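Below are the structure tokens for one structure; questions will follow.
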Amino acid sequence: MIKKKYASVASAVADIHDGATVMIGGFGASGSPIELIHALIDHGAKDLTVINNNTGNGEVGLAALIGNGQVKKMICSFPKSSQSRVFPKLYQEGLIELELVPQGTLAERIRAAGAGIPAFYTPTTVGTVLAEGKEIRSFDGREYVMEPWLQADFALVKCEMSDAVGNLTYNKTARNFNPLMCMAATTTIVQTRKLVNAGDIDPEHVITPGIFVNRIVEVPQPVHEDILIAQGRSYP
Amino acid sequence: MNTGWNRDQMAARAAQDIPDGSYVNLGIGIPELVAQHVPEGCEFIYHTENGMLGMGPPPAEDERDLDLMNAGKKYVTAMPGAAYFHHADSFSMIRGGHIDVCVLGTMQVAENGDIANWSTGAPGAIPAVGGAMDLVQGVKHIYVITQHTTRKGDPKLVDRCTYPLTGPGVVSRIFTDLAVVDVTPGGFQLVELAPGISFEEVQAKTGASILPLA
Amino acid sequence: MIKKKYASVASAVADIHDGATVMIGGFGASGSPIELIHALIDHGAKDLTVINNNTGNGEVGLAALIGNGQVKKMICSFPKSSQSRVFPKLYQEGLIELELVPQGTLAERIRAAGAGIPAFYTPTTVGTVLAEGKEIRSFDGREYVMEPWLQADFALVKCEMSDAVGNLTYNKTARNFNPLMCMAATTTIVQTRKLVNAGDIDPEHVITPGIFVNRIVEVPQPVHEDILIAQGRSYP
Amino acid sequence: MNTGWNRDQMAARAAQDIPDGSYVNLGIGIPELVAQHVPEGCEFIYHTENGMLGMGPPPAEDERDLDLMNAGKKYVTAMPGAAYFHHADSFSMIRGGHIDVCVLGTMQVAENGDIANWSTGAPGAIPAVGGAMDLVQGVKHIYVITQHTTRKGDPKLVDRCTYPLTGPGVVSRIFTDLAVVDVTPGGFQLVELAPGISFEEVQAKTGASILPLA
């Protein structure tokens, strides 16, 4: 039988190993799986390579994971923001690596991993320093950069509703990178606000089909990064 | 007198080797019968290339939905927990390595795992490949269900395929009316004989050497 | 203002020119925009290159377009079926060209055109005659074939519901290639069973966002290829 | 005394050059103001990179939805006819050439259409590119809204960018506090002067030659 439900965020992340590559969904605070990230902090795995659009805000969620010294390298498009202090400090001290990837290329590289495409061509970064060292190739007189897929051992994902077989829906712009990361990781771990029976989600409305989901944890009242920060909270 | 497995028995035997909880894609013909022989306590989720997970059995004729077909263009139903998606997402599941098992029919399968099941290569024949080349390259485990020989008695398990390949070195296990045979680095390896079938008969009807049971 | 509604299928296809490349949605009978295809037959544009998974059935829809001598070349994955007679006859007489593309590669090449990706790599066809003459490249020790995008001048698409700005939903497996073709054509022409106001489709349930749709025609009671064939119908 | 256009006037002027019915992506800063100056009878549909078409104005503070943000991470609303989608679909709209107009702020823009708006290239600075390089390569028309000079008075319209490029040869039209300027094969071409501004003043504050009105 299909058994994807886990009893707790702790049990769902328990086998994330030191040195793992971990995709974390969300765009800034929106769609960020805070409870799973905090479970990963409790768990303590280190030397992680983390893929996220940003580097977290304040001292909760992804920023707390970085601040706890568990992340060796960030792969992201926008590592700074008005409330991002943890990553910039470590980066300027040379204590964390950064691979900067344009946002669209980041999304497409993640999808490519999920779709079995080891590389593709894009005009993004042509003629810029971010194309240095990469293969440039001309098609129909225009230049393109070759970009490789981006795979991960684990994905931490937040969704709105999951059924028992892992079909997912999201809420508004909290969707963002989450469905792509489900496709690209060996093991996809999802926190869902609501867990329902198979058949309770209209098959036409499924955004992530269950085949891309390995583990489901119900987190009925997820905290929101912006609220935590406004409250001056930190983790642990 | 027992003379091997019939079509349903071949499908039932293949179903036994599919792990519980697998995502499965079934080819046209005998492979379709696998869905009727799921071992008790097991659950498989069926994928069809034209955009659905959670495919269910055919509907009664008066309950057909003209917009609910499988990749063989037959009318089907949707199980609870089904999902619809477009063709690129569907083939991402296949080509991205997310489908666990694909069970295919074949014209030929070789001792090195090559499979030829899309074209005879005959001059003037209309080539048609569908999703076959995507499936054999993308799905984690490629199983074949086939009669051991053609109607004319020619072996379908061969040393090298003479028909144009669908994909090289992709098949892991073969279920025939006579035996279950694995493709190994050393070639064909007998796994199980059908009731009443001897190793010698299987070997005689196979176009390559088969390693016997240890 | 956004004005995408056309009064008739005839007006919606009126500028399809001789020699155009036309994508036609559907997988066999399912999701096939029969009314738009028949309008294209009435319109008479010829020397068309048509992209569809198949080549039509019976003597209606795509088969009728081919039978009417309007198609110079078919790009498809599966040009024969039990009820397909028109294409096989013309092909064997050398009167129509065929580019055979595996189904997944066909889907991905269409998506690539919509996503601005001129080429990508896939293992599909490696080691087969369909890879002959194509670039083979190794990534991490496995061989892949390079495949180019597949663009079109027009796409003919069938959907279940459209709102006034062209957001679309589909019905079950009639979705198939339709959303991809919306992305890949310069001009996307949609026939919808139901046309509703902007706001009448939940933004979470939109499958094709309106940005990929140029023209909408309401066809409230579309015919179905299987029914027409069962009735022994032909077109014109 | 009239001294050119203020921020709102610059945005309003840019909005006039966006065709009715366009799909539009607005950068952060002055470009955001374009949404408040849509010409009467016109309708633009706003795209935000993080997965939405049909973005509406900011909500009242007590009506914020924490899951409804734009690419600048500000709370927004959804218009009737909006749609949500994931990041790959969102950037397919950008990179596939489906967005009609993108209005960006900039640090520098050159007479050959090069734009530099993502990094000063200063040692130790934390690089952050976001979707800027995708937008400039993918969107059909790249407009720039910017003050004509920096706060220190240095020209932002230059012969060649000295900061690291976001993309080469991509900008088509520039809206500043002093003028509207096109990028043409012959270099900068004056299109319109702000009220009370002379061509000589514009030329003096520009780091490259500008072709005057014919």
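Each chain gets a letter, A, B, C and D, in the order it is written, and its residues are counted from 1.
Throughout what follows, a residue touches a chain if its C-beta (ideal position, glycine included) is under 8 Å from a C-beta of that chain, and two chains touch if they have at least 3 such contacts.
Bear in mind the structure is a predicted one, so any value in this text is a computation, not a measurement.
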item	value
Between B-C and A-B, the pair joined by more C-beta contacts	B-C
Distance between chain centroids, defined by C-alpha means - chain B, chain D (Å)	55
Centroid distance [mean C-alpha coordinates] between chain D and chain C, Å	36
Between chain C and chain B, distance of the C-alpha-averaged centres to the nearest whole Å	29
For chain D, residues contacting two or more additional chains	52, 78, 84-85, 88, 91, 94-95, 138
Junction residues of chain C - those touching two or more other chains	108, 111, 115-117, 122-123, 170-172, 203-204
Chain-to-chain touches, reported pairwise for every pair that qualifies	A-B, A-C, A-D, B-C, C-D
Residues of chain C defined as touching chain B within the complex	27-31, 53, 77-81, 87-88, 91-92, 98, 100-108, 110-111, 122-130, 170-180, 207, 224, 226-227
Footprint of chain D on chain C - complex, ascending	1-3, 111, 113-117, 163-165, 167, 183, 197-199, 203-204, 206, 209-212
Of all residues in chain D, those that touch chain C in their complex	20-21, 23, 41-43, 45, 47, 52-54, 78-85, 88-89, 91-99, 138
Residues of chain B that touch chain C when the two form their complex	48-52, 65-71, 73, 78, 84-88, 90-91, 94-95, 121, 124, 126-134, 137-138, 164-169
Chain A residues within the chain C interface of the complex	108, 112, 115-123, 139-140, 142, 144, 148, 169-172, 203-205, 207
